[in-house]
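Labels run A, B, C, D, E and F following the written order; every chain starts at residue 1.
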Amino acid sequence: MRCIQVINPNTSQAMTETIGAAARAAAAPDTDILAVCPAEGAPSIEGHFDEAIATIGVLEQVKAGREQGVAGHIIACFGDPGLLAARELARGPVVGIAEAAMHMATMVATRFSVVTTLPRTLVIARHLLRQYGFSDHCAGLHAIDLPVLALEDGSGLAQRKVYEGCVNALKQDGCGAIVLGCGGMADLARNLTRELGVPVIDGVSAAVKMVESLVALELSTSKQGDLAWPRLKPLSGRFQFFNQE
Amino acid sequence: MRCIQVINPNTSQAMTETIGAAARAAAAPDTDILAVCPAEGAPSIEGHFDEAIATIGVLEQVKAGREQGVAGHIIACFGDPGLLAARELARGPVVGIAEAAMHMATMVATRFSVVTTLPRTLVIARHLLRQYGFSDHCAGLHAIDLPVLALEDGSGLAQRKVYEGCVNALKQDGCGAIVLGCGGMADLARNLTRELGVPVIDGVSAAVKMVESLVALELSTSKQGDLAWPRLKPLSGRFQFFNQE
Amino acid sequence: MRCIQVINPNTSQAMTETIGAAARAAAAPDTDILAVCPAEGAPSIEGHFDEAIATIGVLEQVKAGREQGVAGHIIACFGDPGLLAARELARGPVVGIAEAAMHMATMVATRFSVVTTLPRTLVIARHLLRQYGFSDHCAGLHAIDLPVLALEDGSGLAQRKVYEGCVNALKQDGCGAIVLGCGGMADLARNLTRELGVPVIDGVSAAVKMVESLVALELSTSKQGDLAWPRLKPLSGRFQFFNQE
Amino acid sequence: MRCIQVINPNTSQAMTETIGAAARAAAAPDTDILAVCPAEGAPSIEGHFDEAIATIGVLEQVKAGREQGVAGHIIACFGDPGLLAARELARGPVVGIAEAAMHMATMVATRFSVVTTLPRTLVIARHLLRQYGFSDHCAGLHAIDLPVLALEDGSGLAQRKVYEGCVNALKQDGCGAIVLGCGGMADLARNLTRELGVPVIDGVSAAVKMVESLVALELSTSKQGDLAWPRLKPLSGRFQFFNQE
Amino acid sequence: MRCIQVINPNTSQAMTETIGAAARAAAAPDTDILAVCPAEGAPSIEGHFDEAIATIGVLEQVKAGREQGVAGHIIACFGDPGLLAARELARGPVVGIAEAAMHMATMVATRFSVVTTLPRTLVIARHLLRQYGFSDHCAGLHAIDLPVLALEDGSGLAQRKVYEGCVNALKQDGCGAIVLGCGGMADLARNLTRELGVPVIDGVSAAVKMVESLVALELSTSKQGDLAWPRLKPLSGRFQFFNQE
Amino acid sequence: MRCIQVINPNTSQAMTETIGAAARAAAAPDTDILAVCPAEGAPSIEGHFDEAIATIGVLEQVKAGREQGVAGHIIACFGDPGLLAARELARGPVVGIAEAAMHMATMVATRFSVVTTLPRTLVIARHLLRQYGFSDHCAGLHAIDLPVLALEDGSGLAQRKVYEGCVNALKQDGCGAIVLGCGGMADLARNLTRELGVPVIDGVSAAVKMVESLVALELSTSKQGDLAWPRLKPLSGRFQFFNQE
């Protein structure tokens, strides 16, 4: 059994469970999913400031996971907060859910659209598209204009709006696939795929398969060059726990 | 058991075996690898003309594989010949080995280099980098200046030149990973990874994991829009076998 | 007299005649137009699969044309199927009609729009724009949502829709010129140019002038590097006719 | 007989003759070449300031040519100075020699290199490549480090350095064609093509064929939108001669 | 006291005063603003031809300013006509108002929109965005469809349309800031910033601060390489006044 | 007097003083410089992990500065860590030193090169170039291969290597200006500018002028859209101090 650590970067326990369940549903029989979230941080991530806060929790969890010997790590927030920093800190591979979903989308359609939560997070998706090389593969970006935690309020409103967002994206953008732009939407992809008749991709399950793949191929984060271990230096104050023992 | 069809687009039996073995080594226990090559075509693929010829063989095999009920298809030549055409023809996902290797490389390093066979094939890699969105992620392109089939001549010369090409790439390009640019190099990646201490990625095994992943997530080629089934029309002459019965 | 071979990549005799007539209307007095189509293949080209099939016919014709001593070759389908492969096979220059039309459009307007047939072919135009470097020069892509052969059904419906597509493009895109996105529209450009008061460009006639130009300047496909003659290798089966005698 | 006006933007009579001769050598039998240069301006063009000066002369000549009824105009300096302004002023098509050469180069090779005069002019070529969309099609930029007028000094030194520049470009860049980056090199292309065995492209003759082509197709500068006639307004002082009578 | 020369490239005295006043309002206490316009040229600039004419006036003024010992120069027309030529001619820094406004906009918002005068000038803004690197930072381009001099006609119509253009831009584009696309709008920015609650940026004042900054840091136009002094050569006719004494 | 807060993101007191002194040397007479560094964090920043740690300190300081009523903020580390997050948190403008230096470099040269410390930080510069739009304006990236704190060791070795790096950049890259890639190099720019005869740009002083400029123009971070205040949510644990009282 290999263990993949799925890190929900926010502190919402409910969302950690949604994400963990989606990860487990996607995992191979010999994969153990360890779903965690930081003990301290922000209850949801809806902007650059929230991402910066969340990044510390992500890194803390990556360090903990590495020490526990997990085979790989997933950053389960659509902005992939702390991705490159986490790669410096990790022995195994680290994959973000936006990254995983976008990569897979390009393999099943010539162009995909993104449906996410608040309009202010669109800029984050836009920056990731450019960083990953997929600006030309994205046909459109859509926001349901509800905060992340509306996905956990039990009313079903956010879920209905995600459905509508997907329908609009297909009509307006001429896209062939849809990427769901929030870890909290992880449980919606399979049903939407069936209802809409196009691939609707959840990054959590995509990332699980991507990490499983990298681990199986013995491909870990390159420690030569840009993503080498952080240079040893004494961190002070609230960051001391990162110091190597 | 699900079956993944690995199509070597050239007619070399030896290379089909090399590729099949690499695919099997990478496959999950519940994956059956069906390694095939066209009955008719070119013994190696080293340019656009060769690719055009090979594409027909690829499509013929995709059709055959689909009729046999395979879960997905791999195009095991580094130019990914016929990729979008094959997707139109396939029910399950289709992944090219250049595509799979490049995608994975971006997840373990900030920039990768490519080591391939003849200089004249570099333009194909360059075009794929642009099509997939990875031009900025590629640190350099290197050719060992030997034809594809030199990898099968038993002398070991080509293998030594691949090793040297990787060493040069690391020194000159400042890259963090290397993508092997030929299906015939599929058996070299694991050893090179260990010897060089950086991820050296073979597209065949990468593609196996990618197709397994897409199949597990029930993500198939989108049949809405650009990659829909080919419009029904009577093909004539040597292409009649493509007509639906 | 020099002879330019105009290859209609589909097997439609009617369209070959339309294309041949347009080519002749554009040709210089000392240019002989040899309009051909493959003996075997697809009756129309509306996707990547169709293009792959058509490419073999294109290559077969290029080989035949070269052996007959034509001065240059035109690929008269808007996806320019097999362009780089044909260049490897040709002695003289090879020009695609999408290529020719797009290049000319950038010389008479700062931005052009494309009006084509089925929506599913837009992705092909989009890829060509990127390959040729004209993504920033294209103001919009429009599909009349009729299949290619509707242009040959005598009803005039497709022709009216092309006119409407051009009007819409001018209104919505702020473009200065229009590129007609199908070889079957070759006879419409001159009238549309007059009716709409902007350059409406047909690729067939554009390609005729481009090949005449290259031939006059003694500029042939470079045989150094990427587009060198295909490496000699025995093709098998239905591809044997490509083997050099 | 149609007349094409070839405008040498500098005031060098010798270079105007070189350019005119190259244009005539390339012209069709029914094309009359009118080679002109401004009465006032700069004797050579080797930077942005020189280009700004030359642009006025170019525009003056375009106006004169238009009034004489020429069928089209060529701007015969490799920076294509005043190209878009000239298009506003012209009834027929206007083509720059850098533009024409670069476009043609992409049709005979996958990548071309440029050999020009002074290093300080490389930035102009670089900007044109971006404006025309060919940054990815250019394999390298080379300067012989001699001023433009050295091409007219009779010593042959500049010509030898151009030859060496081409040889270096082919060796270092892996390009398939070469674009000569100065109107004063117009007479060298044909011999270099033969000696080097790759297409060496002179923009003057390329532009002649391009204008002939556009004229034959009745494609003129679009007067709808960006390149419409300049808005009527009274120019004062030394620019009064531009005022419409 | 240092003196910054603000060059209105058109000959409108009223606009020169608007621009001068805006520059003075933005200038530091120890900055003296010298607002000038060419004695000869075009009364407004609304296209490439107008820009070419204006460029001579800009260069003449830069030369005069340099001889008077000004510390830096501003080109106060949104197309930044003659920018690189002016840099060759200047000792101190030269900044265009489009350039200054666009740079500053990227520091206060992730994406900005442009509101300008006539639709035909949009292409100029589009080209500058590409040249400066900001194509991805621009969310939209809007034209009020009134000529430049409507801003000086006292009716307030143009001003109301600018306001509406800004409102539309904010609604449609999801931008965070607006760049005013005409020197004649220089006096509107501060009020619009307050009324709309987002940064509305005028290039004239932005350029004043930018030149003050470069001067304070002793950063002048690099005279090494591309922007070196124009090579000495005798200009003839109406350009003689540029010859160095 | 307005106060600009200059935040050294690392905890090195010596470097904070170097940076503060450079800022004061660049500041206008009516600008007060408040040079600070986080109480807790990393002593130097040489990778993504270090940046993530430093970002928290940057944000803490931005909050403190905002509460003290500073007019604007500078992030004085060449990776601009936390830039967009800081903008969400700030009332006034926030400028990074890499950003400021790169912007200014494009105004004094057509292309600039970067000289920085460790090779592993080059990827950060490369990503910033892409994010800011300057990839095409950068002629080369050079690392002196010494850690950041070598600039503070008093030996002068790092300073000599920076000088050599600049000389190499000028020779190899054909650039017209140099950007110093580390806050710790802030005191070197003026002398290097004089010694090398080209603009050598330090981001700290560049950022001071940029913030002064934005403040003078009353241009603050747009609070509409992407950079709006962080959504109110209770942060837990070590991040509680960010909660609004």
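Assume a contact is a pair of C-beta atoms (placed from the backbone, for glycine too) under 8 Å apart; a residue touches a chain by one contact, two chains touch by 3 or more.
This is a predicted model, so every value here is computed, not measured.
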| item | value |
| --- | --- |
| Interchain contact steps from chain C to chain E (minimum; 1 if touching) | 1 |
| Each chain counted as touching chain A and chain E at once | C, F |
| From chain A, the most remote chain by mean C-alpha position | D |
| Chain copies touching (chain C, chain D) - same or different residues, decided at half shared | same |
| Distance from chain F to chain E - Cα centre to Cα centre, in angstrom | 27 |
| For chain A paired with chain C, centre-to-centre distance based on mean C-alpha positions, whole Å | 44 |
| Chain B and chain E, separation of their C-alpha mean positions in angstrom | 52 |
| Junction residues of chain F, two or more chains touched | 84, 110-111, 119, 122-123, 130, 135-136, 174, 225-227 |
| Listing of all chain pairs that touch each other, if any do | A-B, A-C, A-E, A-F, B-C, B-D, B-F, C-D, C-E, D-E, D-F, E-F |
| Residues of chain C that touch chain E when the two form their complex | 110-111, 136, 174 |
| Residue ranges of chain F in contact with chain B within the complex | 119, 122-123, 130, 135 |
| Contact set on chain C toward chain D in their complex | 26, 28, 84, 93, 95, 99, 103-104, 106-111, 132-137, 170, 174-177, 190, 193, 197-199, 201, 205-206, 209-210, 212-214, 216-227 |
| Touching residues on chain F, where the partner in the complex is chain A | 11, 39-44, 46-53, 55-56, 59, 82, 84-85, 87-89, 119-120, 122-123, 127, 130-131, 147, 225-228, 230-231, 233-239, 242 |
